[in-house]
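So that we are looking at the same thing, I have put the structure below in structure tokens.
Naming follows writing order (A, B, C, D, E, F and G), and every chain is counted from residue 1.
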Amino acid sequence: MNLNNYLTYVVLPILSVAVLLVAYRFFKGPTIVNRVIALDLLITIGIGIITIYSIQTNQSTFLDDGMILALIAFLGTVAFSYYLEKKKNNE
Amino acid sequence: MIDRYIILPIIAQMFTAVLLIFFWRKVVVQRIISVLGSLVVLVLSIGLFSKTWHWGYLVMQAGNWKAPFGITFVSDAFSSTMVLLTGFSGLAVSMYSTVGISRQRIQYGFFPIFHFLLLGLNGAFLAGDIFNLYVWFEVIIISSFVLMTLGGKKPQVEGGIKYVTLNLLASVMFLTAIAILYGLTGSLNMADLSLKMATIHNKGLIGVTGLLFFIGFGIKSAVFPLYFWLPSSYHTPPSAIAAIFGGLLTKVGIYALIRVYTLIFIPDTFTKNIFLIIASLTLLTGAFGALTKRNMRMMFSYLIVCHIGYLLGGLGMYTTLALAGTIFYLIHDIIVKTTLFLVSGLIYKIRGTMNMDELGGLYEDYPKLSLLMAIVFFSLVGIPPLSGFWPKIYLFRETFTTHSWYLLVAMILASLLTLYVIAKMWGDVFWKKKPAIEKSTDDFAAMNWRSKFMLVAPIALLVFISLYIGFCAERINVLSERIANDLLHPKPYIEAVMGPKEIISPQSN
Amino acid sequence: MLIVVLSGFLFAFLTLLSGKLVRNSLSWFPALLPLALFIYFMSYIPVVAAGPVRFHYPWVTSMGVDLDFKLDGLAMLFSLLITGIGTCIFVYASYYLKGNKYLDRFFCYLSIFMAAMLGMVLADNLIILFIFWELTSISSYFLIGFNNEEKKSRRNALMALTITGAGGFLLMAGFILIGSISGTYSINSLIASGGSLQQHALYGWMILFIFAGAFTKSAQFPFHFWLPGAMVAPTPVSAYLHSATMVKAGIYLLARFTPILGHTTSWSTTLIIVGGITMLYSAFHSLQRIDLKEILAYSTIAALGTLVFLLGIGTSNALLAAAVFILVHALYKAALFMVAGILDHETGTRNIGMLRGLKKVMWPVALAGMLAAFSSAGIPLTFGFIGKELIYESTFHAPYIAVILTLIALFTNILILYAGFQAGIRPFTGKLSGVHQHLHIPSFRLWLPPLLLALLGVVLGIWPSLVDGPLIRPVYTALGETTILSPLLLWHGFNWVVVLSIVTIIAGCLLYYLFVPSRSYIPLTDKWLHLSPEALTVRLGRAFIHFSNRYTNLFHNGFLRSYVSVIIVFITCLLAMKLITGVDVHFDIKTNISDIRSYDIVIFLIIIAAIWKSISTSSRINAVASLSVVGYCICLLFVIYSAPDLAMTQFTIDTLTVVLFVLVLFRLPPFLKINDRRVILRDSVIATAFGLLIAIIALEVMNEPTTKDISKFYSENAYLLAKGKNVVNVMLVDFRGFDTLVEITVLTIAALGVYSLMKLRVSSTTKE
Amino acid sequence: MKSIILKTASNYLLPLLLLFAVFILLRGHYKPGGGFVGGLIASIAFVLHSFANGLQNTRKLLRYPPGAFIPVGLAISLLSGLAPMLIGKPFMSGEWLSVQVPIIGLIGTPLFFDIGVFFVVIGVTLTILFTISESIL
Amino acid sequence: MELLLLILVGVLYATGIFMMLRRSMVKLLIGLILLGNGANMLIFLLGGITRGKPPIIGDADKVLTGIYADPVPQSLILTAIVISFGLQSFAIVLLKRVHALIQTDDLNDLNTPDTSI
Amino acid sequence: MIKQFLLNIMLTLTWVMLTGEFVFVNFVFGFALSYGILWVISHNTDGRKYFTRVPAVIGFIFFFIYELIKANLQVAYDVITPKFFMKPGIVRYPLDAKTDLEITFFTNLISLTPGTLILDVSDDKKVVYIHVMYLEDKEVFIKQTKGGLEKRLLDILR
Amino acid sequence: MSDFLIMFLCTLGAIVVLIAAIGIVRMPDFYLQLSVTIKAAVLGIGLLLAAAAIFFADVSITTKVLAITFFLVLTAPVAGHVIGRAAYLIGTKLWKKSVLDELKGKYDEHTNYLGSGEEDK
């Protein structure tokens, strides 16, 4: 089994399962905060998928996308937290 | 004829807009820059028009990338005419706005956005690339969104929501159409697309794509049943804004429609019939709507819808003369609709209301202005020999040659109802004694002569143009016929863009 | 000739400019224009008698619309009427409206009207004719509504404009139809192609359009009612436009087209029926009126009906009769109107019940009235007598149903006589009422014009040869007639026609003496009022407006989602129709497609689930979160399918959109809890159909092989020519850099818009 | 949001993100990136800063109102498009200097064009977000 | 994969329209965003998709060779994405302004300019 | 001045690393660039000594990685086995770290270690509230952390 | 050889990520889910990135990988903190088997001021 096949048939499926599990949490909730962390984790796993994909296709270019994801996924979480606090203060 | 001159009106307009942003909040400076900028653009547009008239086609390849690889700008008789008309309307509205638009709105960016809108219009008229056209359309819609809601009064934003939503829907349809077109042909240059159409195997898809464009542009040009945004919103912003909207915004949709349907898609019988039916319904819908409204500007809004029907009808008949009539009507309509809304703004300045039940007595108080306005209304109605009359000759005529009877009925009915509502409005607004409703102050009377001049002069300018169109109809007709001829025989256009050889190998650059 | 036609417009402009002068001291001045024109046209009489004179000025040549004028007999008769009676009216009005603050505007409109009327009768081009035709309608609108502050004036002016306007547009259609079939708008050339036009399949439509124009303008039943309404105009206007000239435009038109389209069964039958009904209807109605001007208006309609009727009979006799009757009627009716105007002006009433014995105080007026009345009655020695003789002559010798036609004419003439006497004689005879004792003879500017016209009616009655050769025969010729008829004579010898004349006079006089007009007759017809054409038209108009309201509000109902659904349903139907009729739909993918990997499916499933969540959740923030999942998954797709730039951009923008939403959302109220299952079902069907359609189209497009010359060019030259290795970026900043320039402009505008929308609070006093 | 941790982190992230933004901008001609993404990342840096430190502090940090970036950026882009016209080339022709600079590669009008885009995007994004934030405080 | 994308495009269009037909302004916006994504995916799909070969010329190469993704749709989508960002921001702010003025998210409360005469 | 200079150098290095081109020109460019950025943000830079003790840092890194792996295994075991062994709770933890940077470093490291998570820092910066997954004894936890992570961290930071 | 190393790192990373994913599904309350995800993800992604660094064996890629890891390490705990705090503020419940909550009542209801519990002393 060469590297490419290994990534395709072992690693990526594992990550896919992980993504599905996290997605399950996202859709199940039950509250918004659960969804927010699920979203954050989704993006993080996304970085992993991109990394594997870049190895698989031998395109280091894709790592740049991973870099952007790593940098600013954070902002989404901060924004949601900001929303929750503001909303709480407004009620 | 490769000529970089094409870009000048666009650059000048953009330069004006950027300069205006630099002078953010400086009201007086902004007024001066705007008027001067409009003047410069007008001069450049006149230059472009005369050059184009002389050479036939001007082509500019942005970035020096040969078509179809770069973005092409093309000026033919049609587009240069539209640019010229935009120049006139733009100058008039710019002058009017110096007094007609409140200080606060100027401080919050009225002028730069106004010039961006004109920029978008000019760009759309000159674009020779379908995606570039899309981008220009986006400039137009976003600046119209901003102008529509500038000031944020309640009716403005309420109308704005509808305006924004339906216009965004239109852009999505436009983009969808581009996606499909690219999927079919792998090209974006309109001249190249015209050539590539022949290579498509599943011919029906051409028609489908064309219809998608029709829907995108149809929403923008407010044809039935895609017109809803127009009567929801056009009466809400200040008159100067409504003037440029009324004069040019729906027309750019029609322009694009005519362009794609003469250059890229040649309508089949099905499409022509659709156009004719929709044109008829548009004429009637607009006329019926105008009949029901007592707010002057709402009435005018419906008249815009109504008169789009003539334009679409002319395209639907698809003969040289019908297209000539359409072009003539388009030229007339741009000038007159702009004037119409400026006039409504002047009336609003004088009386402080748009409700015809509360208006009256203008004939007595402002006889000379009334005369000026009367000319506008007569032109609108198409009282011969004013501007609105001439194109109807060809349009009526072609209903006979193409046997488009229902369109004829609709056109006659629409003409009659336009006559009726305008005469009724004349009676209510000018002849009727001013009702004894107080509260309204006459802002106009209180102005100094310079302000009065800035309000009236643009109207007079446009009236003069309208009179010119009417009395020198020969020139306009020659122009219209040439445009119609050019449109129906796109080969020179394509050659001007692509070079004389029709097949271009990608390595040739 | 162009200057002659346009002089009225220039003059109108002049009167406006010199408004004050015209209003005060120089009010007689405008009358010089028609006088000068009258003399000018008189000078052409000998020329025209020999044959028509034509003039040509190029205008919109490319449309076939040149300023062609032809002065032939018909045009000459009308030109003389327009300018001659015009002179009288101008003089009359200068005194009648003395002191009116809008006198200058009045003369302005009147001059425009005169010019338009002249242009119309002289025009030798259909479109030019139409242009002037419309101008007469418009100037008439302004003149009817001259007393603009009165509601009734405005209403009746609008009514007149709408009716004549409707006819006008149809007429335009007719003209254009004729022009498009015969290939020319020149009336002169049309005469030659008359035959082919009559054979054309659309002949029926041509005459229908022509009739629509003529009948509305010349107040034929059932479009007649605007004319009595137009009596709200100042009397000079009624006299000029609504009796002598403008209302005869329709007659003129029919006469003009007689040699081109006339003499067919459908032409004749329609004209006879419409003319006949108009005659009877209006003659009968004139009995019930007590307002002087209304009586005259109805008798005018009757006379117009007579003219149509004569043109319908269409024999040489009838055409000659029509030619004469146009002149006869113009002379006496203008005079009668002016007399009525003087009475109104001096006594303040037009109620014939209150006007008696006025000849004692204003004998010149009485003289004018009586002479005009005699002419209208067809008393021998008046020109009216000759006219009436000719009418009977033509009905009597009509090729079919001569008896019926004659009876119609007889009945109408009796009532015309009655009306003429009521207006021209009754006010002057009998005992002068006490309130009118103090009246004096008004200014000569009032009484001289009607007296002149009335006298002319007598003069021409005695010496018809004055006009016969120079004026009437050229008209006759212009109508396309070549048969030589006997000249006009005061006395043709005793025959049935004379008997009919005598019967007319006796019956009319009896009616005049026995039938006292009174308000009490009005209720008799009131019962039927709701069925009158006017009432029906008004009701139709109301129903139309009601319908318009319903229609407009049905579509434009204020609900955005209704707009969206209408649009989407429309799009779906349109595209579906096109797909079904024109596209070969294959539901398979023919081109090479890429395989599906596990992560593809996972991403796909998550997107679908997230979309579902975003539309089904009842919490806004959940919807936003789901939306960002959609966005991020699309980013992943972009990465997987080789679009790293896109992925970056989409990802950053999605994050920023979340931030935006989050900033805006937290103060909004929660989603509405509306779960109308039917609405949801309906919307789902609409949305699904639309989505499906787009997908099908996309599928078909995918099956279409494409050449990728352009992307190939970019890939090969991005580095070599544009010095960049990221082809997408090279496209963005170089190959298609202009798009980007425009795009940052869009962003700029959006930012400015957001700024002004959030910050600008226009003060409530600011108007615009 | 008052949080010491966030505040501190964002203070260190800010220069890092800005640096990254410029990096993404300049390398765009050769690798994924460019003016848009660069501008967006730069604005995200400031947005993050404003979340942690409050809008006023971020504004103070910027010294100029963010809107000022817009006309500047537009002008740079427009001028870089116009520059080739001075030497007789059409509008927006790419003109390159022959000097090679590391990372950036060649210096030419498209680069300046992209820099203009970068500034416009920063100006626009920040104007939009700051305007909204202000209105809700 | 094209089939999945095709379904995705259809679903995005359908749900976008469905959301535009709701009464809430926020849902309307969500609908517009979904539609925008749909249009982008449509361009992406019809432009032809290629796995793992971005249109970036390798360090050593001067031209793109072999199979590579079409850069044109990418550039178009990029432009479209950025433009929709501008438009969406404006729309979101407009929504906010409407809410500030009228205190509602319900589109049914926004029909005064239409129904007045 | 000095701390800014150091920061500047750090950023320059980051730049060079990011770009991966170790050329003089690139150093100069990176320096200029980070100088510009620092100039832009110079308002808010907190004054701080900048000492790095290389051995302490290395030791700390190994300590931390060890903690990371240990805790990860613990959590992983709990996650994949059906039964939960957790005893979660929120602990109030008095801080020795004083400056914002110290607090931030500390809290980040605490959070990165599996089983513990910082929820918030009190506004007077005296205590942090930590969510702990395996809380057998509150005092033991505080003592262990104080002696371990916080002490080692403060050693290298001060 | 390096292929095996890459495979190993990838597998390890993927498993760590998978455990985090299982964790977020299985953990009974929000705080536990948060606890599990942050670090596991950072570790897992770090391993995957390391694999990439080895695979490409290029300085610029390695620095890139380091940069990504660095960013993750920097941001993930902060993100966890802000969302955890927000969750507590809006009243997200602790697991019913939780043993201690010393944060309870420390937040000011209106200003969100967080006391240290030492104010009384």
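The rule we apply is simple: contacts are C-beta pairs under 8 Å (C-beta built on N, C-alpha and C of every residue); 3 or more make two chains touch, one makes a residue touch a chain.
Note that this is a predicted model, so its numbers are computed, not measured.
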item: Steps needed, at fewest, to go from chain A to chain B via touching chains; value: 2
item: Contact distance in steps, from chain A to chain G; value: 1
item: From chain E, the most remote chain by mean C-alpha position; value: C
item: Inter-chain centre distance, chain A versus chain C - centres from mean C-alpha coordinates, in Å; value: 70
item: Averaged-CA centre spacing for the pair chain G and chain E, given as whole angstrom; value: 32
item: Gap in Å, rounded to a whole number, between the CA centres of chain G and chain C; value: 79
item: Distance between chain centroids, defined by C-alpha means - chain B, chain D (Å); value: 36
item: Sequence positions of chain D contacting 2 or more other chains; value: 1-3, 5-6, 9, 20, 24, 30-33, 36-37, 41, 44, 47, 67, 70, 74, 78, 91-92, 94, 121, 124, 128, 131-132, 135-136
item: Residues of chain F whose C-beta touches two or more other chains; value: 14, 18-19, 21, 107-108, 118, 120-121, 123
item: Residues of chain E whose C-beta touches two or more other chains; value: 16, 20, 28, 38, 42, 45-46, 51-54, 56, 72, 78-79, 82-83, 86-87, 89-90, 93-97, 107, 110-112, 114
item: Touching chain combinations (by label order); value: A-C, A-D, A-E, A-G, B-C, B-D, B-E, C-D, C-E, D-E, D-F, D-G, F-G
item: Of chain A, residues touching chain C in the complex; value: 8, 12-13, 15-16, 19-20, 23, 26-27, 29, 32, 35-36, 39, 42-43, 46, 49-50, 53, 61-62, 64-65, 68-69, 72-73, 75-76, 79-80, 82-83, 86-87, 90
item: In the complex, chain D residues that touch chain E; value: 30-32, 36, 121, 124, 128, 131-132, 135
item: In the complex with chain G, residue positions of chain F that touch it; value: 14, 17-22, 68, 71-72, 75-76, 79-80, 84, 86-92, 94, 107-124, 126-127, 129, 131, 133, 135, 138
item: Sites on chain D touched by chain A in the complex; value: 1, 6, 17, 20, 24, 31-33, 37, 41, 44, 47-48, 51-52, 136
item: Residue ranges of chain E in contact with chain D within the complex; value: 54, 56, 78, 82, 86, 89, 93, 96
